[in-house]
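Both complexes shown next keep subunit A, but they swap its partner, so subunit B is in the first and subunit C is in the second.
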Partner chain A sequence: MLILPMVVFAGLPFIVDSESSYLVFFLFVTFINITIVQGWNLVGGYAGQVSLGQHAFFGLGAYITAITWLRGLTGYFDPLAMILSGFGAAILAIGVGIPLLSKLRGDYFALGTLGLGEILRVIFTQGGTLTGGSVGLLLPSRVYESMKPYYFISLGLAVFATIAIYFIIKSHIGKALIATRDDEVAAEASGIHTLKYKVLAFSISAFLTGLGGSLQAYYLFHIHPAGFFSLKWALYPILMSIMGGAGTILGPVIGAFFLTGVFELVNIWLPEGHPIFSGGLIVVVMLFLPNGLIRLRLKRVIGKKGERRGDK
Partner chain B sequence: MSDFLSFHTLSQILINGLLFGTMYGIAAIGVSLIFGTMQIIFIAQGSLIILAAYISFWLFLLLFIDPFLSILIIVPIFMLLGGGLYQVLFRKVAYAGKNPSLLIAFGFMIMLENLISLLWTPNTRAIKTSYTAYGIEMLGLQVSFTRLVAFVLAMLATVVVTFFLKRTLMGKAVRAASEDLGAATMIGIGTHWVNSITFSIGIGLAGLAGVATAMTFPFDPYFGFIFSLKALIAVAFGGIGSVWGALVGGILLGVIESLGFFFLSGVWADGISYVVFLLVLMLKPEGLFSGFKRIA
Partner chain C sequence: MKGKFAWYVVSLILVLLVLMATGAAFAKEKKEILIGTNLPMTGILAGVGVEQKWAYEQAVNDLNKKGGILVKEYGKKLPVKLVVADDESDPGKAAAVVERMIKMDKVDLLLGGFAAPFGVIPGCVTAEKYKKYYHTSICLIPPWLEQKFKWSTLFFFDLGQGCDIPYQIWDSFPASDKITKPALLMEDSFDGRAFSGIFRDLAKKHGYTFALDEPWAIGQKDYSSLVVKAKSLGVDAILIFGADADCITFVRQMKESKLNVKYMHGWKGTWAGEFWNALGKDAQYILCDGFWSMDFPYPGAKELGERYVKKFNKYSVSIGALYGLCQILWTAIEKAGTLDSAKVREAVLANEFDTVMGKVKYDKDGVAVFLSTASQWWDGKQMLVYPFDRTTWKVKVAPPWDKR
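Moving on, here comes the complex of A and B:
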């Protein structure tokens, strides 16, 4: 069932003109979103720890890519730079995650990650020549040749993220994370080292977000604190993940497709109202669809079964 | 060095920090109260403060209502708004765990922030009354009149809220619910009712803080989020759920920032407060003054 869309996505740039096609651009944006949404999904959806600071990892990944390139350590589309970006973000997540996640109260984690993103924005705005201050860094954009590599790398990242999350959830790590989310005290009592698993989930989520930031850096060629440490990058993954169905494998993918589409449309028709609309959408989704699109069908099936058995 | 940092300069920095910090403090009280009963982080508090600041700005500009008088209009409206917000946005998810209400507050904040910027443009605004520039000389220190009044108002509001919580039946119900929701429900305290009251007080305080901000500092639509963050930092300093702790936490934050602005450049000073915030969350999440608090 999933092979068909993969074949279509892989073949698309050969059918339409990838340089002028809006569809290719749209899918590129969607695939980056899927990558970071899956990251949030692991820590927020499966482990139940709401991170409000994914923009810290997105921005950090982008800056690592840009700085290593400008210093001549890596090149254009260098896998080394992308992996470094991911690991840089993951290491930051471990450093911040251990103290913040060792508390039983999840609120401290949410607040702390929010503070983290803001600290990073300040640091990178004040970073002097290394980060280019508030103007940011300009990468040599003359190397740009075609949209195709961007499209395929973003597709690869999205597939990688989804498959990675799938296998993590199938393994004992996933079971431990879900147990922690559902009842942390009970999980701890059953011998699960919850802190270890929470930090692991957080660092994997940071790794994926850093990869997304790295690719976005290669695409924009201009890395500046306001754009890459924008709260947007903290907001979108949460929104898309919950809209589609946090704590499921395919829910976030559906959410990313749906909301990227909605945001692109709003951006075209109502550019000024865009943030008002997305803010309002979160409220409406949380009030009326707190379990996500993917669970709509599930719920109906369960509901029918329940009626038949005479449950109230 | 002694020329550069005299006792006089230092006291001037401290008093500025104190007066600025009370703004954070009063925002933090609202956040702390709402957290106490509902266990949610009401991150939109700062944006509501900025909304109040803009309304006060309009009242002054269009209807020539003095900011001090506009407190009498804005605070009651905001109290109603607070109760309404609870009923419309949070009642449904009050028992659905923390994440939905946190995200609703987040979405509401984004919406409000951009609505404000659409209505009033993103330009920085400030209210200039005949007495804005007026300063008072106290013990050789320059104190701005409006900031001093804002400070007094904040203190008064804190006293009123404390009185309400300690001495009235409603206030006792709010405290009971924040201490043990299950037990409070059992003795007949309606939780939705208590939550509505808490929201009314919290948002009412946001209205007051907004007018005080409009009188004393220039503001823009996106200042709200920073304000929320600062309020949360103050709450973290003071310990969640404590009214005076939040006020003292806010003042402490104001002083830290004021010192930061003097010794470091502006943007770094912002960073310092976040770093202190992260450290407090990591090392002493129950608040800095928790040692003195009696066990409830």
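Moving on, here comes the complex of A and C:
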């Protein structure tokens, strides 16, 4: 079922001109969103720990890429820089995850992570020449040649994130995370070291978000605290994940496509009033589809199977 | 039923996106010139975005009333259509919407957004990727030059000239009003940091020493500690850089704490009509920066200013630069005789332009400099005080709060 879209996406830049087609750019943005939404999905959807601090990991990933490039340690589209960005974010997640996840639960954990993003924004604003302060870091945009590498790397990241989450969830780690989400006390009583698994999920989530930040840095060539530590990088993944179906593999993919598309179309049609429309749409969807779009499909499939078996 | 509906919605969006990718590609006879612009219509810069959009629209309407621009390549006059995209005051979105306008709307050329980090630099970078001309203003010159852009040009004031104005004004004061203990209070931001370094260097050159020199973090809501410090140090003049909300709060707290200064000059936050509306007579005597004045002796300046006052019931010291930016582009297109980005940019660099800002000439790097202005608030209007040769208004020194 998933092979056909994969083939279509992989072949698209060879069918349309990636330099003049807006679809290629739209998909690039969507694939970055899928990567960070899958990250949030693991910690929020499967482990049940609502993180409001993904913007910290996104911004940190972007800054690691920019700083290492400007200091001559890495280069343009350097895999080492991207991996370092992911690991930098993951290490931060472990560092703050252990105290936060061992002491805080539910809303308190969410607020704790929200603070993390704000702390990092201030640190990077005050970071002097290393971070460029509030001015940020300007990367040499002259190296840009084509949209194609951006497209394929973002597609690769989205596929990697989705497959990685799939295998994690199928493994004993996934089962431990789901058990923790459903009843933490019962999970502990069953011998699951819940803190270990929650921190692991949080760090994997940060790793994926850091990778997304790194690619966005390569695309924008200008990294500054207001843009990269913007709260939208924490809120959009949550919205996309919940709207598509948190705690499922394909839900975040559908949510990312749906919301990125809606935001884009509404921005075109209502340039001055799109936040009202987008906000209204989110309210309506959450009212009528609180479990996400993916579960509509699952419900129908289950319903049909039930009918065939003669269930009412 | 609900399920079917949701899948129809998803399918519809996908179909529309495919149309987005292909729909605009069909060749048509050229009937209009499409000029795209990324403006902050929502987000923290929405207020200035509305003003910028108005200035661009005025320039487009005035041009179209005359039949448009004669483009030799098409052998006829073509009207201009402005394509506005909201960049949401967000650099990532600014890059995205410029990309969209180039690829989907197929704009011929681009007009700049607002503020270097939010709209202009991302716009320039994206235009550079697709070799589309981005004709811009509202960006400090040094960070723009650093990028060595080849597909954009910049029309803005020189920071050194703008920062020198208060010292020139102080130097012109009689001995009884000499400034001895000025304060430099700058917002810790992209522009704030750039301004503060130059203010310090120029203060030394003019023989002034700041009694108080402190940045503040963006979004700070309470300035009482700065006000108390300034009062205890006997500060007699303030140079302040910040958003209008910050400057309004600062002046209110100055008045509450009876911090009396002879001279207060603001950048960015004291020029908007909202500053006067919020403070009323408490804004009297305060100076603001600006790009332009409706009192400039250039054709169209007064009329543009009057139109603005009629529309918004307040004055502006910025719209002339944006209107003038469009005037330059219209003339350059006509001189180039084509809508080809490289040739239009060449025409911008090669010619001199008559605008509501006066004569404009770009250098080889693609920069044209205009003089930053200074005006003093007086009964709701910004009275031009600098450049000295274009005004008769003399700066009035502020009396203490209890004597106003």
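Quick note on the criterion: the second predicted complex is superposed on the first by the 283 of 312 C-alpha atoms of A that agree within 3 Å, B and C clash if a C-alpha of one lies under 4 Å from a C-alpha of the other, contacts with A are read in each partner's own complex, and residues count from 1 in each chain.
What we mean here is this: a residue touches a chain if its C-beta (ideal position, glycine included) is under 8 Å from a C-beta of that chain, and two chains touch if they have at least 3 such contacts.
As the structure is a prediction and not an experimental result, all values here were calculated from the model.
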Practice task
Check whether A:V283 is in contact with subunit B, with subunit C, with both or with neither, and answer first, second, both or neither.
Solution key: first
Handout entry: Touched partner set for A:P275, first subunit B, second subunit C, both or neither
Key = both
Problem - Residue contacts with subunit A in the superposition, subunit B compared against subunit C - result: C
Exercise for the section: May I ask you to decide whether A:L293 touches subunit B, subunit C, both, or neither, giving the answer as first, second, both or neither? Expected result: second
Handout entry: Contacts of A:T125 with subunit B and subunit C, given as first, second, both or neither
Key = both
Problem - Which of subunit B and subunit C A:F152 touches, first, second, both or neither - result: neither
Practice task
Identify the partner contact of A:V29: answer first if only subunit B is touched, second if only subunit C is, both if each is, neither if none is.
Solution key: second
Exercise for the section: Classify the contacts of A:F77 with the two partner chains as first (subunit B alone), second (subunit C alone), both, or neither. Expected result: neither
Exercise for the section: Pick one for A:L114: touches subunit B only (first), subunit C only (second), both, or neither. Expected result: first
Completion exercise
Dual-contact residues of subunit A, meaning touching subunit B and subunit C, are 122, 125-126, 272, 275
Exercise for the section: Can you check the complex and tell me which residues of subunit A touch subunit C? Expected result: 16, 19-26, 29, 122, 125-126, 133-136, 138, 141-142, 144, 147, 216, 219-222, 224, 226-227, 230, 232, 254, 257-258, 261-262, 264-265, 267-268, 271-272, 274-275, 288-289, 293, 296-297, 299-300
Fill in the blank from the handout: Residue set of subunit A touching subunit B in the complex reads 44, 48, 50, 52, 96, 99-100, 103, 105-108, 110-112, 114-116, 118-119, 122-123, 125-126, 231, 235, 238, 242, 272-273, 275-276, 278-283, 286-287, 290
Fill in the blank from the handout: Per the touch rule, the subunit C residues reaching subunit A in their complex are 2-3, 6-7, 10, 13-14, 16-18, 20-22, 25, 41-42, 84-86, 88, 90-92, 95-97, 99-100, 103-104, 117-118, 121-122, 125, 128-130, 143, 146-148, 188-190, 192-194, 217-218
Problem - Residues of subunit B defined as touching subunit A within the complex - result: 39, 41, 89, 92-93, 96, 98-100, 102-104, 106-115, 118, 225, 229, 232-233, 236, 265, 267-268, 270-271, 274-275, 277-278, 281-283, 285
